[in-house]
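Got some structures for you, see below.
In the two complexes below, chain A is the common chain; its partner is chain B in one and chain C in the other.
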Partner chain A sequence: MRRGLWVESALVLVVVGLGFALSPFLYGNESLLFSMMAYVALAQGLNIAYGFTGYLPFGYVGFFGSGAYGTALAIMFLHAPPIAAVVGGGLLAVIFGIVLAPLLRLSGAYFAIANLAASQALYFVVANPHLSNITQGPYGIKLTSVFAPTESYATLWVIVLLATAVAIYLRVSRFGLALRAINQDAQSAEVAGVNVVRGRLVAWLLSALVAGLAGGAYGWHISVFYPHSVFTLRISIFAIVFVLFGGAGTVIGPIIGAVLLYGLYDVIGISTPEYFQLIYGLLIIALVLFLPNGLLSLVRKRVRYVL
Partner chain B sequence: MSSEPLLSVTGVVKRFGGMRALDNVSLELSAGEILGLVGPNGSGKTTLINVISGLYHPDAGDVRFHGRAIQGLPPYRLARLGINRTFQVPKPMKDMSVRENVQVAATFGGGGRIEPDSVLERTGLSEFAEREAGTLNTSQQKELDLARALATGPELLLVDEIGAGLNPEELKEMAERLLELKEHGVALLVVEHLLDFLNRITQRVIVLSAGSQIFEGSLSDASEDDDVVQAFIGG
Partner chain C sequence: MGLLEYALIGGVLYGLFFGLVGIGLNLIFGVMRMINLAHGDLIMLGAFGAFWVYHLLGVSPMFGIPLEVIGFTIIGIPLYYLVVPRLLATRDPEMLSFILFFGLSQVIEASAVLGFGNNQRSVPGSTLGGGSVVIAGQSFPFAWVVAAGVSVVAILALYAYLYHSRFGYATRAIMANRDEAQTAGINVHRISAAAFVAGFCLAGLAGVFAPYMLGAIDPNMGVDLTTVSFAIVVIGSLGQPLGTVIGGLVYGIATMLMQTYLPSWSNLLPYVLLIAIVLVKPSGLLGRRVRYA
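Right, the complex of A and B next:
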């Protein structure tokens, strides 16, 4: 590994960390900044699964929703402190990831569809009125007693840095080299001595953990939410588009994608909401046509290694 | 040195549905020995290599390496034990550099014992080290496939039609490379249609036909064996 990568890695963490730590002092809409951070975490988490191992989880939102509900249940029934509850939400997402691990035997569209179905099944279980005494069913969760916007913002900030650090680790480590090999050709990687099943599983569970933690912090921050708010497919689709827009398999691609596109989403949504879907749709079409490997592919042609 | 063979395959059966791709195949191979595996298309040669390298589980029979039963072990475990292979159609990790391809094998299969650059030098790939593997031509990809296998430091190398698509000069170099490995004590099981190429590196062959072993002996005797002639030419 190039020695300069350590410097670049530290720089990325500092820029992301300072950016989201200072921006609330420079820009008043904290709710927008919080959502942007949640999407940076989600994009990075999805990147861990898709960019590093090639699995595109259309139902990625299932982990986000598990995290939000896991956190809520830990607060409501176990009276856990919110930060511990967020960790619990992350672990619940990991358990959901373990349950879905057999899907890793599938590939391509089959995996994407099966994962999508699983996340929707989870949504219907959570929203089931018969489970109202546990999940509150369709009536939604209220965590107003622990509402703490600053603390929950800080918690998500830590999660974003954690997700970035995980992506950096996968980009520069021995384990990351194994994942790249698996992504390229699983059979060749296996005969080269790489434990393919373990590599895929670890990346999958890390990806689930990131989304679960982000969902937990999100649930805590907004404090009132419904099954649809944390299981809507729009969350999966946004995360996928952000990753593809920035550049999958890199550390900075998903960050750039989420910040730029979510920023743009809000600018258009506020200034010209009537054209929002048109402009966003055209942008996605242009991306697929002209930059299928993301914005960073422009730089990659000149610089061989982009973090 | 012990008299126990490095690899011993006994009564291996592999079925695909109702078809017996391998039917009671047995062979033994010692360190520093080259065994040729020949037979018409569909006779089970690659299936046998897939069984030994862990890609397929045999339905019956026994595969032993250093006397230890290895059937059912996944390929990555076998790579770490010292068994590796090349593919009939090379399967490089295309977007990774040539050096990274070899580095993956050296790191995970070879446990870091082998320096990737030394393998690249031995296989004549040093000048392409930084190139993306997908940009190599067929013969270079075959060399890379071999380099990837060698980077794991194999004691047993299964070579699947490495001569196909190589020109006469490249075939000569490849034969020398395999003989050099033999000199270093590596056991080689070589599947090959090019009998001239095989003749350069070994005399000992096994002939398969429709999954069954129909001949074991010298290559020159094989060409005069009635069963072998019938299997190849029909009758």
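Right, the complex of A and C next:
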């Protein structure tokens, strides 16, 4: 690890940690802060897959939804304490990730669409009325008996820091370097002794874990939700746009993207979602054409190394 | 037996239409190696074109077809020159175009919601000539037969273009190898732009019949249509325009059988088919080979 990066890494963790720990005292809209935090975690988790291995998980929301439903089922049927249930939700997402691991054989767009199809299929299974004695089908989940806004906020806070720490690890470690080598040229990396299959799989499952944990904490926090509210494609889309906007493959890019754009969404998106959709559609087009490496690529020209 | 026959014949009609739904996506992929994620939204625009032609002018939605061809050509050509050459020059055209067209799909969807309102619309089946047609003892809406017939004509026209015209030869040369086609003196951008516009127009054409085949239409239907189109194209194999017909038939018949025998699970079908095909035979039913990661 490069000297000096310890300081930068610690600084990022402290800023993110203090930011989300103190902001509820400064700003009253806790549900906005909570959603923003969930998107920071999701963007960072998606960045772990897309930024470091090049696989764009279009169905990333599938992991988020599995986490929310896994947590809910653990609370309802196993009567697990909520924090343990959130961990269980994360593990369910990892299992879903293992099931989908064969998709990693596919390249680029094939992978993205197959993953999207998988998340839609999962959504239709969860929402199917025939399974309503397990998942409650389309009627939704109620976890009001364990409703605890402060504890669930703290849980998500820990998850965000965890996701950030994983991203930092990938950014500075040998393993992260190996992943970037795989991303650039898998065959050469293989020849150089990198275990390509294992590298991709580990990053993929870490990414699934982050989304699953975030989904679990989210489900616990809002405590009443429907299949559509945790499986909507919009969640994948937001996470992708936030990562692209900030800069994939960096640590702070997804954080900046999620905070800025989700803040913008909160200002104009909730009242007039179509205008927001229009703006971020145009934003995506402009990003791909003019700034394919995200906002941070502007800074990178001046500063030698951006975390 | 009646149910089975109904499902099979209905599936063929439905499947021919879905061949048309997927074929524009496949043409653009074959020529440019780009996934047009806005494909479903173009179909949605085509469907709204048919709706407005019927509602504002009071004539059959079929008159919308020439208008849409003109409209999509006017939009498609500048869009091609604005976007595609730039994308082809980047480090990862496939992935970046995927994201860019996704952005385009969001723009189209949002504009459609703003312009048309977020309501479901429908066009009465009688506008294509009402009544029903009896095939092998089963009766089907006449509109289905028209849609299937137009789909066959459009696909045959594409076939004639690709295999029996100079432009078509050049198009297939680009599909086989873009660089070599360029070296051989083919005006790659002009031919590709033509294929790009043709892909748009085929999507619009499919859209004209969407109100009859899919029931109601709304501005948000694009994403599902894109996924279904992609499933169909992958079943038939990417980059093989004629394979799409087979993909459409497989999808159409499977959908009809599911709706007949297992209705509550039928919405899972395109996704499960897509994943299964992609995992078992990523090159599709007619495919030669596919690039693995």
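Following the convention adopted for this analysis, the second predicted complex is superposed on the first by the 288 of 307 C-alpha atoms of A that agree within 3 Å, B and C clash if a C-alpha of one lies under 4 Å from a C-alpha of the other, contacts with A are read in each partner's own complex, and residues count from 1 in each chain.
Criterion: a contact is a pair of C-beta atoms (placed from the backbone, for glycine too) under 8 Å apart; a residue touches a chain by one contact, two chains touch by 3 or more.
Note that this is a predicted model, so its numbers are computed, not measured.
Of the two partner chains, chain B is the only one that A:V191 touches; chain C does not reach it. When the two complexes are overlaid on their common chain A, residue A:R180 makes contact with chain B while staying clear of chain C.
Legend: residue contacts after superposition of the two complexes on their common chain; A:L201 is shown touching neither chain B nor chain C.
With both structures placed on the common chain, the touch criterion links A:L5 to neither chain B nor chain C. Contact with chain C, but none with chain B, is seen for A:A121 once the two complexes are overlaid on the shared chain. In the superposed pair of complexes, A:A148 makes contact with neither chain B nor chain C.
Across the two superposed structures, the residue set of chain A contacted by chain B and also by chain C is empty. The touching residues of chain A, when paired with chain B in their complex, are 174, 177-178, 180-181, 184-185, 187-197. Considering their complex, residues 53, 55, 74-76, 79-80, 84-85, 87, 91-96, 100-101, 103-105, 107-110, 148-149, 151-152 of chain B touch chain A. The touching residues of chain C, when paired with chain A in their complex, are 35, 83, 86-87, 90, 92, 94-100, 102-111, 113-114, 223, 227, 230-231, 234, 264-265, 267-268, 270-272, 274-275, 278-279, 282, 290-293. Listing the residues of chain A that touch chain C in their complex gives 54, 56, 102-114, 116-118, 120-121, 124-125, 128-130, 186, 233, 237, 240, 244, 274-275, 277-278, 280-285, 287-289, 292.
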